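Two complexes are shown next, each including chain A; its partner changes from chain B in the first to chain C in the second.
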Partner chain A sequence: MPDLIEKKNAAIPAQRGADSAEPKPEKARSLGLDAWHDLRKRPIFIVSALLIVLLVLIAAAPGLFTSVDPRAGDLRNHYLTKPDWSDVFGAGWFGYDGQGRSIFARVIYGARASVVVGICVTVGVTVLGGLSGMLAGYFGGWVDAVVSRITDIFFGVPLLLGALVILNAFSVRTVWSVVFALVALGWTQMTRVMRGSVITVKQADYVTAAKALGAGTGRIMFKHILPNAIAPVIVVATIALGGYIATEATLSFLGIGLQDPTISWGIDINSAQKVIRTAPFALFFPAGMLSITVLAFIMLGDAVRDALDPKLR
Partner chain B sequence: MTTALETTPKAKERLVPGTPLLEVRDLHVEFKTRDGIAKAVNGVNYSVAAGETLAVLGESGSGKSVTAQTIMGILDMPPGRVTAGEILYRGQDMLKMSGEERRKIRGRKIAMIFQDALSSLNPVLSVGYQLGEMFRVHEGASKKEAKAKAIELMDRVRIPAAAQRVGDYPHQFSGGMRQRIMIAMALALQPDLIIADEPTTALDVTVQAQVMDLLAELQAEYHMGLILITHDLGVVADVADKIAVMYAGRIVETAPVHDLYASPAHPYTKGLLRSIPRLDQKGEELYAIKGLPPNLYKVPAGCAFNPRCDVATDLCRTEIPALHQVTDRDGAELAGRKSACHLWKETLHG
Partner chain C sequence: MGRFVARRLLQMIPVFLGTTTLIFFMVRVLPGDPVAAMWGDKAPDPAQVAAFKHRMGLDKSMIQQYVDYMANLFTGNFGQTMAGRKVIDVIGEALPVTVRLALLAFAIELVLGVAIGLIAGLKRGKSVDKGTLLFTLLLISIPVPVLGFIFQNIFATNLGWVTPTVQDSMNLGQLLLPAVVLGSLSLAYVARLTRTSIVENVKSDYMRTAVAKGLPKRKVIGTHLLRNSMIPVITFLGTDLGALMGGAIVTEGIFNVKGVGNALYHAINLKEGATVSGFVVVLVLVFLAASLIVDLLYAVLDPRIRYA
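What follows is the complex of A and B.
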């Protein structure tokens, strides 16, 4: 085809010129990077991210924030001592609880249980739900039918009631038994989200193209589908994280979650409710911290959703 | 330009020109849907030799893409189902191979170029990664090697500043550039056969020509077989060696490209050629084949084209025409020309 090649050669310089005139984008940006650029400009994200960084720091190293032992009780301080506002970061800053323990120290040390439960449950449900949702969505057929029926069954079990039943089976309840109960009951929510997302992505042309170019099942699932299907799961997981923290506090409040000597905001809220009239500060500080924490994670989830979902832009 | 795309020892194992690389024999594919069974492909036969370009021409729903997807093994089954026929690649029936055997052929021996390059490239992976993936999956190349080869491939398909753009994402390229990347991906491992499913439909007319020329040039260089699926008669004329026209899941006419344009032997082909706008017909009404494309759930009895055909007879309404060998006025066989029309003589000579 000599005529063809001649034509080709004539076409190249013109076309080269046209392409170099095209404005060069400043830098290659993936979807994730794009979302990051978007997030950085959002005040909600900045506020919630700062709060979360602070909370995680408190959870990781409570000793940095208080030198008081949260378990050391001096009954002379039994609810009587009102918060001492001049004693910033000191033992008496937020007052003392019924056993004369520093409420400030307990609020600081209580962050660990909440943050650990929140993060571990979220990671657990995301991995478990993500994997099962991926399998159900990708393979369809009977795999999908089985997984979907299992998620349906779990949806019939109220989270709180189910957790009560599971946790009752533990004689000693630690952070890990609470994590176990919440993961066992919560993973199906992620399965649903992931399954729907995978089904949508699976039909994309680039998945067919990858198949046509010889990619195997594993590669298609984890390199081509997963990165495109994960965004809704991340959004739901971030928002749910706050919910898990609240659930842990609820369970502890009901006396079925964490137990003494573990320090948890839920336990402290429970013991403070009896003295709400005489010593409201004993309830106010752990409850306030809990609210701020849950709020921070939900705000983060909102910001992440806005950044990852182009339809909302 | 070094290594990856230069002629390797692989060239020696290539077939002698003329012997079919891929042969589709009496292929039947149907789709089971809620509304019934749609017969998408009803006995297609065609073959491609190394270095040869076969254009498969047909309107939407004529079964051309389904045939291609069946060859690639990317047809969704279910609802799709191959009910009869064989697909021979170098004499081996691919329909009888295991999934793993077929996967090894895909991409390495037979590659495909898709219509819409934007949706066929993964938006979250850089083009360099996706190009390099070919070498990583099939040849176990390291990340670094794969990247170097990706740059080389991008150079090969004339993407300017390949080394700088290798990390860019699909949405940062123009339509023509993206299609070049798809071509590069298909060519990466020097397959024997490329199936291009409407490779230029999503492109501007000017870019169409560039992409087609590039494809034809690379095909000639590597001596590959090319199946070009299209509904655009203009695209075909320059690059194809032979044409197969499909209608309602059957091949209605095959011919060397210039013969088909000069003297169609099937009323459908004739209608298609007449409906191309021409400069010398300015002001006249453009011809259109009357009627609607066939309903695949209920293909008409006899010749599927008969309800739309100007010359249909009673025979056409009852008996499915065989693919007749076409002869000239003196009865001498015309090489490579076949027509599935009872009235091919009248159509061709009359």
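What follows is the complex of A and C.
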């Protein structure tokens, strides 16, 4: 079964070799530069990149967008004052939740947990999965056998279920416990992608040439194979980022992810579900922000994949 | 063929052992004492706790418990819950519900996903195709809890077609709405995979040959194009069946379906080690069986793949 995935990925470096052989009038561009030139012309990339820049800005400096304390509950606004559309960027813009807290402020402050979890988990699984996949693909033999069996084992554990079990072990759960659980369960996906990619790149002529010239194992792995094998991993990681954000929200929704002083859209969706009939807006805004965030990252992943995969051009 | 199946079955043993071991220890090293928790707020009597632990075999070392558990497993004994019920009975109650829910979701994503992907792939670049990409993008980005509440609100609360929560967990008609929610994410992936695969294959030589020799369009698409495009889709669907069964926690919670997800969620919260492990054993078996079937289907779809 993994062979099929590998074959698909194999097309990327192979195609690239053919491209660079063509004489180009301008200065030769690397794959990364080439992809960047392609990306800049795509509206879907521009839209998603702008959204992500905005989200990261919100996550880094929520104070720029609202001066309201997201944890300050004023019970005069209980129960669920409706949104006041004239109060743009004010406390009452999106209405108030069950404890009289400004939904707008909570939506703004909730971005940080989602963005931090998404980015940290992606970096974690890419580093762990990339390294293990590199070792398995490059050395083969028993290293490959051990790593592949470990990935098989992790593949059999459903992500949500495994995360529930791990997170249950933390009595106080922060962003970092969620990151830990998702990295621990998710890295094997990247291992498979990286392993397949390394196996195809390993057989390229330039690797043999480097070996013949007496390059050391480390140099071959990181200077020759890594830059040529990393593209599929980047694609899968970018698309997975949106999924990790959705998983964090789902876990928080189940009451097993982030906990109260942390502000998370998942927690707010959970508390809003009880009043969905009387105050649908309390569910709508955190859910909408969450969906837009996931959408932005998945759109970015789509654009990056199209740019890095010349077959689809 | 027989040898291939036998070899695959042998390869499954370490995966099965590894996964069950992983979950066994993960559940048991959790802090918190499920036995003491049975006394609620009252201080438990140490003698009673000790007696209970001895009766449940919880006073033995972790390794000994593990060996006992695995040995019992092979005789079909899944152990018992803290309240003294047999775990196999708990599984027997929840599993049929989730199997129905998962199969229904699976059928929806297979039929609709392949159909949508096929149409989009054949009309590449047209508005149908762009609409499909947008629609699947939306489905992927709306998280399951949100989608669940949206559907519940529209179809149950506003339109009144179904009851907001499932009354009878074994009734297929009532399970339809939860199944749509459960299968929606995978439906989007199936549609996208099918579309990509169709777009790749539609320009291939065998397609030109099939059209040139005057085959009817239905046959060109059904026999040649679709069959050759299904392999990546089947790969995805194979891993998805297990994921649907284990991932139904949210959907089952929203729609009050008394299935595996529901039972597992409570078991994890109550730190019922034996129950959690029991369910995981079943889920892993489903996962392994599905991946074996997928491997066998490759040979059916692509006669070039032969299993000696």
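As a working rule, the second predicted complex is superposed on the first by the 286 of 313 C-alpha atoms of A that agree within 3 Å, B and C clash if a C-alpha of one lies under 4 Å from a C-alpha of the other, contacts with A are read in each partner's own complex, and residues count from 1 in each chain.
Quick note on the criterion: contacts are C-beta pairs under 8 Å (C-beta built on N, C-alpha and C of every residue); 3 or more make two chains touch, one makes a residue touch a chain.
Just so you know, these numbers come straight off a predicted model, no measurement behind them.
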Contacts of A:277 with chain B and chain C, given as first, second, both or neither: second
Greater residue coverage of chain A in the superposed arrangement, chain B or chain C: C
First, second, both or neither for A:214, with chain B first and chain C second: first
First (chain B), second (chain C), both or neither touched by A:158: second
Partner chain(s) touched by A:287 [first = chain B, second = chain C, both, neither]: second
Partner chain(s) touched by A:50 [first = chain B, second = chain C, both, neither]: neither
Common ground on chain A, meaning residues reached by chain C in one complex and by chain B in the other: 1, 4-5, 8
Residue numbers on chain A that touch chain B, as the complex places them: 1, 4-5, 7-8, 11-12, 15-16, 19-20, 22, 25, 28-32, 204-206, 208-216, 219, 223-224, 227-228
Touch list for chain A against partner chain C, complex: 1, 4-5, 8, 149-150, 152-162, 164-166, 168-169, 171, 242, 246, 249-250, 253-254, 266, 269-270, 273, 276-277, 280, 283, 287, 290-292, 294-295, 298-299, 302, 311-312
Chain C to chain A touching residues, read off their complex: 14-16, 18-19, 22-23, 26-27, 29-32, 137-138, 140-146, 149, 153, 157, 196, 200, 231-232, 235, 238-239, 242-243, 245-247, 249-250, 253, 264-265, 268-269, 271, 276, 280, 283-284, 287-288, 291, 294-295, 298
Chain A partner contacts - residues on chain B that touch it in the complex: 72, 74, 103-108, 111-112, 114, 116, 119-126, 133-134, 137-138, 158, 160-161, 167-169, 172, 174, 177, 182, 185-186, 209-210, 213-214, 216-217, 220, 238-239
